[in-house]
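The following blocks contain the structures, represented as structure tokens.
In the two complexes below, chain A is the common chain; its partner is chain B in one and chain C in the other.
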Partner chain A sequence: MPLIKEIDYGTRKINSKKMVTLKIDGFDVCVPEGTSVMRAAMEAGIQIPKLCSTDTVDAFGSCRLCLVEIEGKKGTPASCTTHVEEGMQVHTQSDQLKGLRRGVMELYISDHPLDCLTCAANGDCELQDMAGAVGLRDVRYGYDGTNHVNQRGASDELNARWAPKDESNPYFTYDPSKCIVCSLCVRACEEVQGTFALTIEGRGFDSRVAASMSEDFFESECVSCGACVEVCPTATLQEKSVIEIGTPEHSVVTTCAYCGVGCAFKAEMRGAELVRMVPYKDGKANHGHSCVKGRFSYGYAAHKDRILNPMVRENVEDPWREVSWDEALSFAANRLQGLQKTYGKESIGVITSSRCTNEETYLVQKLARAVFHNNNTDTCARVCHSPTGYGLRETLGTSAGTQDFDSIEHADVVLVIGANPTDAHPVFASFLKRRMREGAKMIVVDPRRIDLVKSPYVEATHHLALRPGTNVAVVTAMAHVIVSEGLFDETYIRERCDWDEFQDYVEFVSDPKQSPEAVEALTGVLAEQLRSAARLYACGGNAAIYYGLGVTEHSQGSTAVIGLANLAMLTGNIGKQGVGVNPLRGQNNVQGACDMGSFPHQLPGYRHVKFAEVREPYEKLWGVAISDEPGLRIPNMLDAAVEGSFKGIYIQGEDILQSDPDTKHVAAGLAGMECVIVHDLFLNETANYAHVFLPGSTFLEKDGTFTNAERRISPVRKVMMPRSGYADWEVTQLLANVMGADWNYTHPSQIMAEIAATTPSFANVTYELIDKLGSVQWPCTDAAPEGTPVLHVDGIVRGKGRFIRTDYVATDEKSGPRFPLLLTTGRILTQYNVGAQTRRTDNVAWHEEDVLEIHPHDAELRGIKDGDWVKLASRSGETSLRADVTDRVSTGVVYTTFHHPDTHTNVVTTEYSDWATNCPEYKVTAVQVSLSNGPTKWQEHYQKQSARSRRIEAAE
Partner chain B sequence: MSAEKLTYMANQIANFFKNKPHEEAVAGIANHINDFWEPRMRLQLFEIIKQGGEGLSPLVVAAEPAIRKPAKTSS
Partner chain C sequence: MALQSQDIEKETTAIVDRHEHREGSLLPILLDVQMQFGYIPEVALRHIAERLNITRADVHGTVSFYHDFRSQPGGRHVLKVCRAEACQSMGGEKLAEDVQTALGINWDETTSDGKVTLLPVFCLGLCSCAPAAMLDGKLHGRLDKANILALIEEMK
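Here is the complex of A and B:
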């Protein structure tokens, strides 16, 4: 396994159809018009020396190292900024060029420290490489003159040009003495990341890179995405992990285990030690970009809190006892089987994880169906995107987003609703912002002023700051405008949708009751603004919808998803590049967990258990009868547990006590069970109620696949041995076998083979294919052997697109005199979900606690100042946290995150849920906020209890 | 599960279908419940209806004959 190095072509790829042929060093090269001479040379295999260009940013032409000679042209033009021309004759090496390049290098080196042997970038430095490439043999100038290298001059006087290292960022350093002012970092921050945090300050020899207004990196706008570190040709911007460990010697391509963008990374290793994660340029989801989580936040994998031995206890009041794998597994198996004997075979179930691999998820649902003999399997997608599955299936016929991420490059109008991509899906947000800078228009529908509404060089045309809980009214009003103003695409609808359903829908939506004017008072969105937004969506060219949990996590979540599909069908925005309806998935493998049959009513591939022909292949293969009845969903399991008919559960990689709503109800459900098995990396909050703890493995410790929000199946690869001894899929298999199954998988590829053999949309998926293509988007079948980037191209999958009425039904969670404010929740960039991983990294530097955003007006009414401790109470419960007084939220609305167990935001959320799927209504809770002195009684009690339940008895 | 909660969930489903023609609405509700409600939940719903169906939307009551009777729960 060598260190993987992608080819750097020097300048961006050009997508022109017109080809140009030229000669470079006598060889013929044919490239698209507009390509640089540098890139053309690289395509012919000739690497021209360079320092200030790379193929992810625009060329700037400042270093003068990439000079070439072109016949018939005067001088020596820079090859990075010179475009190819038909018949051009280029020479990349000559005596003149050699001399010029050496001169340039000599100047660079004369203001660069010569401590190569002890430099962190030794062996991985382009300056070093170029010095070698141009044959630099001596440097005539010393450091006696002006330089940036030495803190003090020859006579010990302070050197004003010298600046100390900036080590404020937890993950990388900036050492100005090594900077060659190539400006690659500045361009990467602007063009790749879109944050504009860096500038070149000063002029000429005095110029230096600076973060924002000469602040340190940590205090600046920098979001720590690492794009600048990636392009820096020297050790100026350098990962701290490389400084500490040294350079890596081999690398393996794998997939980020955080969000649903599913970025490809190279895990760069030295032996079994992970040196750094570097975004992989050939990754089709991220094209070499990353965010702070995937790039840097992997420290949890080696964190001391990780539990590496299985543990059991009779009662949840007892301390944990470390035991062997055998003992833990037979303890678990005995209990589960005993429960089934006493309480019936439906009394136990499983929860699969959206953080684990497809193969692991598949095995966990198989455990329920083939070993427990019931359909009691559910997944955390229940609490996030289950309405997506329902809504898109009912209207379009598939339970998945319609586009690949690259489709955004063809969008003219983007509707972002109930999603906050810059925090939750950062790499996609960078693509989106780039498209905005190129001129696409954006409509943001969100109660909060999210960053996309206005950030450097990006501004939404409309921000509809609706009241939480009124998505359906707003979306339906947009459809009203489109229908009543005749802006719909009749040809498209006649051709691709069910015309009768459309008529019915028109009748419903044309009713003046649905008009923007009629719902204005309810939604808080000005009718005129809603009308222009609807017109822009319908008439602005290719229009794409991106939505998140702000749409699904409502009592009308499924209805809202249906409403979005209606909008797209009305305007013909389904079935080509640049359009579509796209859920932004929260966790890395939410899509995969849903695909793999985690839901209690569906076998893999979204096929209902009631159909005999769906059950049959599995019954044959597994040698069992599968129930034709739907099993329990997570909230139903908890209800049944409280009532006494559900007694045991195996939970893989999921912390329902912290992530699910109405904590007290979840706790009561868990407390009612007699066997709770938690399979996780850490003693999470749910483990407070567990009897068996099985240590889990990180994404670095196992093979498998993840499926991202664009249905892309990407490889996860083992780069080190599982610290607990077993990968998660092996543990599930061991448990199944102790319970009497006879599973003999020796590698996850065999599990994928079983999935492909039984699931039509995965028919042609194999590990070989994934290795060959890098990743593949399902459906992957004989008809689409290399996968399907865009769905519904030849017609809507369902047959005819189906318009469905979307009556607005107000949630019963209403604000009133006791609870006058509406709470909505979300996440921030540096933390991830319940925070179990990110809280165990240096990311806490950015976000060490959850805070409550509250509008200055609402704060003043309550005597609350910025930073005060406040109590947040709903009819479910109360918690306390600090206030952040800001006008990002409107009056009447407060906002917080749920990353920290000390806050335990979900104590306040209620048990209301989506009518179709029981997806909880996280996004609307009526609350009151008042000043407080610190943590509430409940928080103190909880902290005590969780400390108690985490005791581990020392093993003899 | 509390009868109150189950009634609430059934009514939520009825709410989505209420503006459809009666027959379609009733069929829609029954299908939805058949597809997504575990037998224990359906048994309890029948029980609530038997007790007079207090608080239950008339549409749900009308859907009862089309809701699948679970086979006896296994043990």
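Here is the complex of A and C:
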């Protein structure tokens, strides 16, 4: 297991069909036309010295080290900016070249510190490597001249060119004295990340890298994605962890455990200590890019709050008691079995986790079905993308996004609705922004002015700032425009969709009631703007839809998903590159958790439990009878618990008390149960109501797979032993076995084999295949042995695409005199979900509390100033937080995040939910905002109770 | 009286309005801003970045590349004396010394009465008439101690 060193080809890969053959140092090389001489040489295994190029950014030609000789050409051109030509004869080494390169290196080194032995990049420094490569033996210029290296000159005077190290960013340092001004960081920030936060200030010898206007990195426009640190050839931009620990000695490729982009990373280790996470260039979801969370925010894995021993308690009022695994598991098993004896077999259930691996999720639902003998299994997708599963299945036949992320490179128009990719899916946002800079048009449908509406070098053509809760009206009005103006693709529809249902849909959508003019007053979107947006979507070339929880988390979430699928089918935008309907999945494995049969009505692969042929293979394999009746959904479990018929639950890796809506109701449900088992890294909020706590393992501590938003099954690999002793899948297996099962998995690959054997869409998935390909997108079957990047290519999966009417029904949650504002919720870049992980990293430097965004007009009416404490009240509850007065939100709309338990934003959200799937209506709550002087009574009470319930008895 | 930041923003807005539609509008905007205020205030830079939808880093990189752009108010007159090779060969070094002595300031400084800012410049493209200087945008060639001191005298 050595340190994985990816080959740096020096310049970008060119995708030209025309091939060119040339000779480099006498060897024939055949490469696509447009390739650089440098890259061609590297492909032939010849590494030309270089300092200012890498294969993730455009060539720049500034370091003058990669010079070559080309027969018939004058001078010594830079190989990075010279394209190959047919028959070219290149020499990469000659006396002349040696002399030139040494001369250049002498100049570099004359203004660079010579502290290699104590430098953090020692052994991982391109400058050091190049000095070796060109045979630098002395520096004729000496080191005493004008320089950026020394704080003081020979006679102790201050050196004005020297600048101190910038340590403001929590994760990396910027040391200007080591900078060789290669501009790689500036170009990575522009081309890879698309933030443009860095520049070269000054000129000539005064040139220096600067963040924003020579601000410190923390205050600058930098988003801390790490792209600059990744390309820096010296220790100028350096991870603090490397400074503290030293360089890594081995690495393992694994998959990030934050959002649904599912970036591939190399976990670079020194022994069992994680030194850094480096994005993996061969990762097919991220192509070597990362965001602040995946790149840097892994400190929670070693945080002191982690609970490493199992704990139990008789009552939730008691302090926790640390016990052995055996004792904890028998305690849990006895209670669960006792409850089933007393209250019936339907009285207990499980919640699977979108944070855990496919294999772990599969085992948890298997626990419910094979050991508890019921279908009471649900997952946190209930509260996020369950409408996606329903809507896309009904219209297209598959419960997943239609494209791979690379498809965006072929999109001409992008419709982003109810998603905020720059904050929640930053790596995908970088690809999206790059495509926008190349000229793709953007339509943003969102009540809030997200960064994609307007941020440097990015500007949406249309921003439809609708009122929260009116997605369906807007989407249907777009369809109205497309149909009434004849912009639909009749050939496509006749060929691929059900024509009768299309006729019915046309009749529905042509009704003037659906027109932009008719719904303008309701949605707040100007009719003319909506019409233009619809025309752009229909006629602008390849049009792709990307959506998030702003679509699904509504009382009509499923209807809105159906509406989006209708739009795509109407315009023929399904079944090829650059188009599609794509949910941006919130969590690393929410797609996988849904695939694995976590829902109470579905076995793995989205097959309904009512069908005997679906149940049969599992019944045979597991030796049990599976009920043909769907089990309870999370909200039903909680309702039943309040009523007294649901008594026990095993929750793996989810904090329902903080993440689910209507906190008080969740608390009441949990309080009504007699056995709550929380299996997590930390004593989360839900654990305040738990009787058994089973310590979990992080993604670094186990093997398995995650499935991202593009259906990509990627490997998760163990880089250190589970700190609590067991990986999560082992714990579930132990619990099952104590309850009488006889499971004997010794490695997650065996679980995957069982999944593949029983689930048609996973039929050919094996760990060997994933190892071979790096990752694979389901369906992976005999028909598609290497997976399926784009769905519906040869026809829509369900047979004929199905248009479904999308009547707009206003939510019952309406603003009125008591609650005149509409609250909508979301995320920010540096925090993740309920924050259990990110709050336990240095990311808190960016976002230490949730704040309430409120429009200046609404703020003024209430006498609220920026930074004031305000009370946010709905008919469900109230909480207090600070106000951020901003015109990012429209009048009548307020916005906040839900990352911090002190705020407990979900105290305010209501019990309303999607009609089809019960996905909660987080995105619309009628609220009132008023000045306040601190936390509410409820917050104080909760904090007290929470502290009490987290007590752990001292060991005797 | 020092300019208020609202005034700067107002003036900058008008300047950006004039040039916004042009391709590569940043430089013309910066030139007009410097013309307006005699320097480029930081507030203006932030405002320009926002209006052109580019980053503060981009504006800073551009501004700092050109020596002509000043971040502090200069004197009422700006005298640029050429220090490049052709002028050096025609006694430019000596001339520069004389100017510094006459004004009582070094390069990049402004006289205490705020009248004159002295800047070095590397070639004014007037090598045939070396040594050369530029006063408030107007070129002067074949300078010697007497006529440059006369120029300075005029300013006072």
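Everything that follows uses one rule, which is that the second predicted complex is superposed on the first by the 956 of 956 C-alpha atoms of A that agree within 3 Å, B and C clash if a C-alpha of one lies under 4 Å from a C-alpha of the other, contacts with A are read in each partner's own complex, and residues count from 1 in each chain.
Throughout what follows, a contact is a pair of C-beta atoms (placed from the backbone, for glycine too) under 8 Å apart; a residue touches a chain by one contact, two chains touch by 3 or more.
Please read all numbers here as calculations on a predicted model, not as lab measurements.
Once chain A of one complex is fitted onto chain A of the other, the partner contacts of A:776 are absent, as it touches neither chain B nor chain C. Of the two partner chains placed by the overlay, only chain C lies in contact with A:454; chain B stays clear of it. The partner of chain A that touches more of its residues, comparing chain B with chain C, is B. With both structures placed on the common chain, the touch criterion links A:610 to chain B but leaves chain C unconnected.
Within the superposed three-chain model, A:519 lies out of touch with both chain B and chain C [touch as defined at top]. Of the two partner chains placed around the shared chain by superposition, neither chain B nor chain C is touched by A:626.
When both complexes are overlaid on chain A, the residue A:915 reaches chain B alone and has no touch with chain C.
Chain A has no residue lying at the interface with chain B in one structure and with chain C in the other.
Of all the residues in chain A, the ones that touch chain C in their complex are 195-203, 210-215, 220-221, 454-459. By the touch criterion given at the top, residues 343-346, 376, 508, 555, 559, 600-601, 608, 610, 629-633, 636, 639-640, 642-643, 645, 805, 807, 809, 911, 913, 915-918 of chain A touch chain B in their complex. The touching residues of chain C, counted against chain A in their complex, run 42, 45-46, 49, 53-61, 64-65. By the touch criterion given at the top, residues 1-2, 5, 9, 12-13, 15-16, 18-20, 32, 34-41, 70, 73-75 of chain B touch chain A in their complex.
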